[in-house]
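Look at the two complexes coming up: subunit A is in both, with subunit B in one and subunit C in the other.
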Partner chain A sequence: MARFVVRRLAFMIFLLAIVSIATFLLFSVLPVDPASLSCGQHCTPEKIAANRIRLGYDQPLINQYFTFMKGIFAGRSYGEGAQAFSCPAPSFGYSYYRGQCVTEMITNALPATISLTIGSAIIWLTMGIGLGVISAMNKGKIQDRVSTGLAIFGLSMPTFFIGLLLIYVFIIWLQIFPFPSYTHFLDNPFKWAQALVLPWFTVAIVSAALYTRLTRDGMLETMSEDYVRLAIAKGLPRRKVLVRYVLRGAITPIVTIAGLDIAVLLGGAIITESVFGLPGMGRLALNSVTDSDLPVIVGITLITAFFVVVANALVDILYASLDPRVRLES
Partner chain B sequence: MSKNILEVNNLSVSFNTSDGQVHAVDNLSFNIKAGEVLGIVGESGSGKSVTASAIMGLLTSGNVNLSGSIKLNDFEIVGAKDSEVRKLRGSDIAMVFQDPLSSLNPYYKIGVQIGEAYETHHPDASKAEVRNKVIEVMKKVGIPEAERRIDSYPHEFSGGMRQRVVIAIALINDPKILIADEPTTALDVTVQAQILDLMRDLQKTSNTSIILITHDLGVVAEMVDRVLVMYAGRAVEVSDIKAIFSAPIHPYTKGLLNAVRSLDSAIREKLATIPGTPPSLLNIPQGCAFNPRCSYKQWAGDKCLVQKPELHEIGNGLTACHLSKTDIERMNKDELPVV
Partner chain C sequence: MSLDTSLVIEGKSPAQLAWIRFRKDKVAIVALVFSLIIVILALLAPWVCALLNIDPYSLNKTTIDSVGLPNAPFGGMSRAHPLGVEPGTGRDILARLIYGTRVSLIVALIATFITTLIGVVLGIWAGYKRGIVDGIIGRTIDLLLAFPSLLLIISLAPVMQPRLVAMGFPEGNPARMTYIILILSLFGWTYIARIMRGQALSLREREFVAAAQASGAKTSYMIFKEILPNLWAPIIVYASLTVPGYIAIEATFSFLGLGVVAPTASWGGMLADSVRYFRSDPAYLFIPGTALFLLVLAFNLVGDGLRDALDPKGERAQKV
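Up next is the complex of A and B:
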């Protein structure tokens, strides 16, 4: 098992290196000139040329890449003399548009996104798996139809519509919540939760549907397995058969998809964050794209890729601990 | 001999499906004594496995119609609460399924899976007690290095060893009846013999009754005392093992025996088959269900087409056939009706 984990982690690092190169190349061929973007008003060709040198964009691409990568591990300084400033490690570059280190912008945006992701993941997993279990246990009956119907409803609603619907019902009409303004968890946990409940459900309603389907189908498939029949023949109580045998057999694909869903969401839920005005990664990404703020976009892309790659590795490791057969094959 | 441990009377099972009612078991009666080995033989779809499920009390879903009586030591299983039947499952009646490769849960160590069967029926047992019990039963079914293998996963076992694990699960509570549903079908021939030997030894030492469900008459000959032959959900013949091989009293049994290649048959001799296929359980023929495939129906006349034959005694066995005793004797002399 230990060897499997080490190998999987080594592969993850290799993958991250590839992703960073790909991202860097991709953005270097974009027809956007960061030197002119950071030039400001009263721009002259001479200023742009000077800027290009100052930012290091005159260097060959490979040098730029290594400077960038070095920044991630050792920090990076910009400018010379009195104007010099630096972004400490891990530095993902500097946004001339905002006059801020990219890392700082991302760390400011992450708490809101992490809060959104974790909260909604808990809700959608409970909701999705719960409805799936109910469906599977009452296959063909009214409970099954209602659960499946709810799932399809959730799946077919656009995120922004559910978000606006929740705002209308709970904030404007019933006035249960004030209009959300994000507060840091450590400052005021109650307000933090108050601002996040509706976004949590917005993301959860859309995501739960898939899990209902996965759980239902997985359980129905497992129920016809011989080992479930044997478990019943042993005289195990229904609940135990259901949890230890049926759900256990259905859970593996759910873990895989949940891991990836969570990772992608950590890169920012653009629509939900915009609808509810959450200062998270999604909003940061959206703003940076609108402003053509290239260093920030590169930073966000890399961070998101990092989450996905790490989640993939974690899912694989989790998979191995969930299924003894995987361990053997490695 | 000793008294009946299981009595099945007029058991009928049908399933409601979108295509109509499927009559899987029709008016089946039989019993089994303590220590007896009963073989239930028939083609796929003859109702063997459904009968086993009914005895295990597993036919509880809404689309099943169950009538008749299944009495285990005077406890009526048909219509009993599931929580009551659950106490019998795995303790008084245990079951071994066909495919050992899929009968074990791939996610749990085999010690856990064997121990579970004991814990469920002995909730007060300590961990150490369960473990000792598991090791004991693993040794009993011939799993070597039980102390070490108890922590292995099913995929680390061969097919034959897995079937031993399944048998260990069945035997850990010393059941009164063991239902073995085609226990050797999925195994290599050499392993088949080992598993049959094992079951016979265990049956002799513990006096457990065994219901052996199979389509393999060779397996039946190996270890069964009495045979129940089923066709289209009904019992067509019940006879002692010797009688059935020397003088079957139903044309279907005769057909099954003809289909077995014996060692002294000529190598290029064509294997005998029963013409036709078993009837669809949605649409069982009127009269005798076997009549469309029967080679001897001319001797009995039109009766076969209109009247369902009931089980009645001929010699020491029971048969559900309209043929007279003399006709059956002619059948066993390999005479055929002139068409």
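Up next is the complex of A and C:
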């Protein structure tokens, strides 16, 4: 087991390195000059050149890359003398467009995104797994038909349409909610939840549908395994077989996928956040694209990739500790 | 001894068996018919619109009032404009939906084809060869999965579209559609590749593979002639389930302003527009939205029906 963990973590670090290089190369093709973005109205070519040197964009790409990576671990300072400023570690660069360290912008956006992710994950996991279990236990009966019907309905609703529909029904038509304005949880938990209920469901509906299917299919497949047949033959009570044998076997792959889905969401739900105007990572990303604010785009890409790669590794390790077959295979 | 002809067992191909199972699935049949009607409408869009005497581009200024809202109720529904008119421009919604379907279907079908092609070839190759090929393909998949694809798609669009134009694609909407197709294919093939890899891993241990290898078959022959023919069922199922996903994604891109732009009709574009008329003309949200939902739903149901018909194993799960 220890060997597996070490190898998996080593691969994770390797993958992170590759991702960071790929991101850097990819975005170097963008014809955006971060140095000229900051310059404002009274801009001269000299000023742009000075900015470029200050930000390090005059360096060859490979040097830029290493300076950037060093910044993540040791922080980074820009400029010299009285105009010098620095972004403390972990530094993901500096947005001249906004005059802010990228890390600071991301930390400001994270609370909204984390709130959105956690709330919707709770909703979609309970709804999805619950409906899936009901469906599998009553295969072919009315409960199964209703659950699978709901699932395919949910799967066929594009996220932005769900969001618009919820806004229309609950905010404009029934006027149950005010138009969401995000409030920090610590400032006012009630307003926080009020602003997030609709976004939670917007994200959760599609995923819940997907998880209903995964749980149903997983359980039905596990039910045909020999060890389940043995448990039934031994005369174990139905409930015990379902919980101890079937659900347990079926739920492991779902946990794997849930880990990844949550990690991806932490990188920002671009659609939901922009439909509801939530000040999270997704909206920050979209705004940065509109503003051609390259350092922020790079920062968000890397952070999201980091979440996904780390979650992937953790899930693999968890999976291997639960299921010995995985360890032996690799 | 004479054979009773009524007892002769007729041989049936797997495709025939699948069709017999599919035919029993009423929901899937309805969905298939609906999908086919939509495809035909899209193919024949100019004639259909001429027949209904509607046009997606003409601005019917008489149907809207001075602030741009449709005069007739329910978003301007009338005999001349069965599904109403767009607020602001007065363009006919039904005609725009029919033409919008063309864009959706072209993008979704081509992207599905490329995705499936890449995924099938690379997946089988990895599973069959194992070793270093498997390693490289597997790590590429890991890498692609790590990237936030939607963010990359959005942020690279302003750069890549001009490059496609420089490569010879017509400027404007064709280049925009090509970009979406290419980028969906780039990120999309990983899913089917993993499924194909798993299947190939188990198939390569079978005797018929060993026999072909012993008679000196090359890798390409093994992939396309020996292994691939065994995998048509999962390929058809996953391809058919990819189409509705791509239809929804194409609409999402147009919604974000990345897809085709007006005056060309697009479903996502109409929905993005509808946000401005939320309070005054909700029909403009509901009609294109419902149309989009129904199309995606129909394709999903067809895919589901195919899965049930092509995967007889699904029936065998025992009851607990």
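Note that in this section the second predicted complex is superposed on the first by the 324 of 330 C-alpha atoms of A that agree within 3 Å, B and C clash if a C-alpha of one lies under 4 Å from a C-alpha of the other, contacts with A are read in each partner's own complex, and residues count from 1 in each chain.
Basically, a residue touches a chain if its C-beta (ideal position, glycine included) is under 8 Å from a C-beta of that chain, and two chains touch if they have at least 3 such contacts.
All of these numbers come straight from a predicted model, not from anything done at the bench.
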In the superposition, subunit B vs subunit C on subunit A residues touched: C
Partner chain(s) touched by A:F160 [first = subunit B, second = subunit C, both, neither]: second
Partner chain(s) touched by A:L322 [first = subunit B, second = subunit C, both, neither]: first
Partner chain in contact with A:R229 - subunit B first, subunit C second, else both or neither: both
Partner chain(s) touched by A:E104 [first = subunit B, second = subunit C, both, neither]: neither
Touching partner for A:I300 - first (subunit B), second (subunit C), both, neither: second
Partner chain(s) touched by A:R248 [first = subunit B, second = subunit C, both, neither]: first
Common interface positions of subunit A, toward subunit B and toward subunit C: 229, 232, 238
In the complex with subunit A, residue positions of subunit C that touch it: 139, 142-143, 145-148, 150-152, 154-156, 158-159, 244, 248, 251-252, 255-256, 268, 271, 274-275, 278-279, 282, 285, 289, 292-293, 296-297, 300-301, 304, 314, 316-320
Subunit B residues touching subunit A - in the complex, by the definition given at the top: 56, 58, 82, 86-91, 94-95, 97-99, 102-108, 116-117, 120-121, 153, 155-156, 166, 169
Sites on subunit A touched by subunit C in the complex: 15, 18-19, 22-23, 26-27, 29-31, 137, 139, 152-153, 155-161, 164-165, 167-168, 172-173, 220-221, 223-224, 228-229, 232, 238, 241-242, 246, 260, 264, 267-268, 270-271, 274, 285-286, 288-289, 292, 297, 300-301, 304-305, 308-309, 312
Subunit A - residues contacting subunit B, complex: 225-227, 229-238, 240, 244-245, 248-249, 322-325, 328
